[in-house]
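Take this structure first; my questions come after.
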């Protein structure tokens, strides 16, 4: 019984966000995650790594062991450990420590630790940034409404890329950098999205003509996802604003300036 | 009579999509097309081609002969062969095998086989992805509504490109890469569409000033097709949603959540 | 009197577009303009110019003399010559022949002949492409409505470019390509408009950080002109569609599904 | 008493914009600021600086001393000097002269004088460009309404950049230019924003595949801020237009061309 209470106490601190202790724990955790990512970034910079390698490695292992202990504690104090382990955060928490152990066998694997970034998503829960989540929801819902149109658009882009890529491979050929069809498709995506690295560029007149067509195509179809999303977002935002409910039938969706419910004729409170 | 029934059976398998045999045939066909395109892509990669050339060529001819036989079978079993041959798919099916035979005379022609991509469009019919087609239709109809505005826009872009291109040719000249008016126009399109390869860049101060103007122009007019399309799409999406007709006066255009016709007060079926 | 009729006849042919002769004249004229521009473009291509220089020069002078004669004829047959000379087309017609004569004194001036492009605008009048003009009008009117907002936007872009440009000049300095403030401003415009030639790129860590900020700024403010124009275009398109007039007071601007005039209550014809 | 009137006179000239003297003062001031910035820009151009260095330096110090005197005069004649010093313009006026004095100790500091740009913002007050300010206000209010959505969007972009950057660092590694995680993140921002300098480009097949994904992601999410802003701007513009109130019930929100209030039937003043 005493053990149970002890576990519950730890649970409240680790998983809860309402008690001061729980809040401090979460803030410390997020700070640790961000510092551990900074350590990793600095470790990847050649100039720094050669000088402070020893120190940075110790810091990395310090955080890895810390997060491993935290993960074990979470399993220990969870009333339903399995449910935590198979949850989204449980999964992220696990793969946030694994790469360090993997790096013992495969060098370079430790950079996968950048996945710790996703642990920072807790920040929304900790600071109660629900308003931001609701804004994100409007975006996500609009994207959801538009998903089929956007998929059709993406398939069109891929088909276009394949067609333009194959054409350019035939027209320009290997001596101008278009050394294979996959590489030509890569070039087409670079061109259609208007990124334009310039690592591969057309050199023949016909190639430059086709490239111009590809660019103008990319320039115009950039309008399509914007158009789709704007149309959906407008309605979604409108809907979010008109969320005054009817006083009688309790339904939503009335015009901004409506005074009476359009379903039952009841008065809408101001 | 027996022959007729035999032909009809083949017809049902090859052209139909409702029977299990017809469905399996189509799925196998699409898989073959995709594999044949993959073979072609791999064949274009120098490193792979030099090692597996023999194998890849055999695979290519295997698919070409397979598709040739399929094409003949389609003509054979069609009740109206000529109608199939002159149809969109009939045309695509033919030019999807021709390049292989052409490559016997002209090396490199076989890469035109990438046109097989268009055969994959059958996928929509096979998997009954009509919902996606209807989404594509909204896009296409919006583009149709906006076609004149978009044409006006494109002509403006071409006129602008010619003007900026000629100017840059005069200002920068051949020693800075602007070696001819067509090439300068190519550069202007690269710049206005914000692709910016960097293979040709202005070096004089005046050239950089004109280039800046061209960029800012491109940056602003990118808004025009988006604006046009968004405006059309909004209305098209709205219209698509409001396509429930009134049960009494049979008119359209009601709000999404309306239960009663706004013209005659009749009930709108759910 | 006879001379007057003679002049009138020529006037009908040259300025008119309704008679067959007038139409044929205009079509021939547009063809000549396009060919003369093609000649000029080909002349700018080094490889062609060295071989066909003599022929291309003759062609250029042939068209220049032709257009000079046409210009004189237009002045001659005009009932109000001065009004033609000072009109938009009169001005374009004049500066479309001048560069050739200028090139006798200043080499290279003949490429200014590309200004002939603007003469092609007559094509709208000749082929009665008024529907396209009306579409262009919707665009132009929307741009007009949005002009102040777009000007504010442009001034902001220029201020931002100056600020980022000066910052980068201080941070990166001449050895990394940012050799002067005007050049740094050019780089900033290249970056903010997402063109990104790559002829000048930041090399220091701080420079890359500021460059990232500039990119993200450019990426976001690209939304502003689009948003402005879309908002204006939506209303303009809506207005254009609702152009059924009231049968009694003859006014426009009713809702798409309105049956009665909102100004006077009169019936709107279907 | 006489001194007070003297101070007031100066105050009217320096701070006021309604009297002719005040207007001339402000116009001269803006001209001086613009010229001083031009001097600074020319000084940064190597070729000019080496030749006219002496002259440009004198000009720079002339303006610095002029602006210092002006700043002192503003403090002197202000009825509440401290309020001016701590105001936005007071702060800008101070830091617009400081860099010159700093450059006596730190070479290069004088380029910070570009901050004088912000002094030019007075132009709005001087020329009474309030209409432009009101247009800017619509933009700023829309951005304000959309700020949370845009923040969510920016955080997503940064998260995406970190994820793609770390991935590319692991896949491509230092020998292909991705020499550290911060540099890879810089590359990802260059790619996602479709700037695409091409100073760092992927060379491995897997790297090019991930880069293509990053580009397509950037290409699509460019739609999100546009969608958000367009939706907000549409409503903001609509609202701005419908700001005539009914003469009887004093309510807003009527159609642009409505003559009668839609709530109470009262006349709307023109």
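We call the chains A, B, C and D, going by the order they appear; numbering starts again at 1 in every chain.
Convention: contacts are C-beta pairs under 8 Å (C-beta built on N, C-alpha and C of every residue); 3 or more make two chains touch, one makes a residue touch a chain.
Being a predicted model, the structure only gives us computed values, none of them experimental.
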Between subunit A and its twin subunit D, rotation from the CA superposition, multiple of 5 degrees: 90
B-D against A-B, pair bridged by the larger set of C-beta contacts: A-B
Residue-number overlap at the subunit C/subunit D interface, same or different (half cut): different
For subunit A paired with subunit B, centre-to-centre distance based on mean C-alpha positions, whole Å: 30
Distance between the centres, which are taken as Cα means, of subunit D and subunit B, whole angstrom: 42
Set of subunit B residues in contact with two or more other chains: 182, 194-198, 222, 226, 228, 230, 232, 234
Topology of the chain contact graph, where touching chains are joined (line, ring, star, complete, other): complete
Subunit B-facing residues of subunit D, complex: 194-198, 226, 230
List of subunit A residues in touch with subunit D within their complex: 40-41, 44-46, 108, 111-112, 114, 117, 131-132, 135-136, 138-139, 142, 150, 154, 157, 182-183, 186, 189-190, 192-199, 222, 225-226, 228-230, 232-234, 237, 256-257
Complex interface listing, subunit D residues touching subunit A: 148-149, 151-153, 159, 162-163, 166, 169-170, 174, 179-182, 191, 194-198, 201, 205, 208-209, 211-212, 215-216, 218-220, 222-224, 226-228, 230-232, 234-235, 253, 262-263
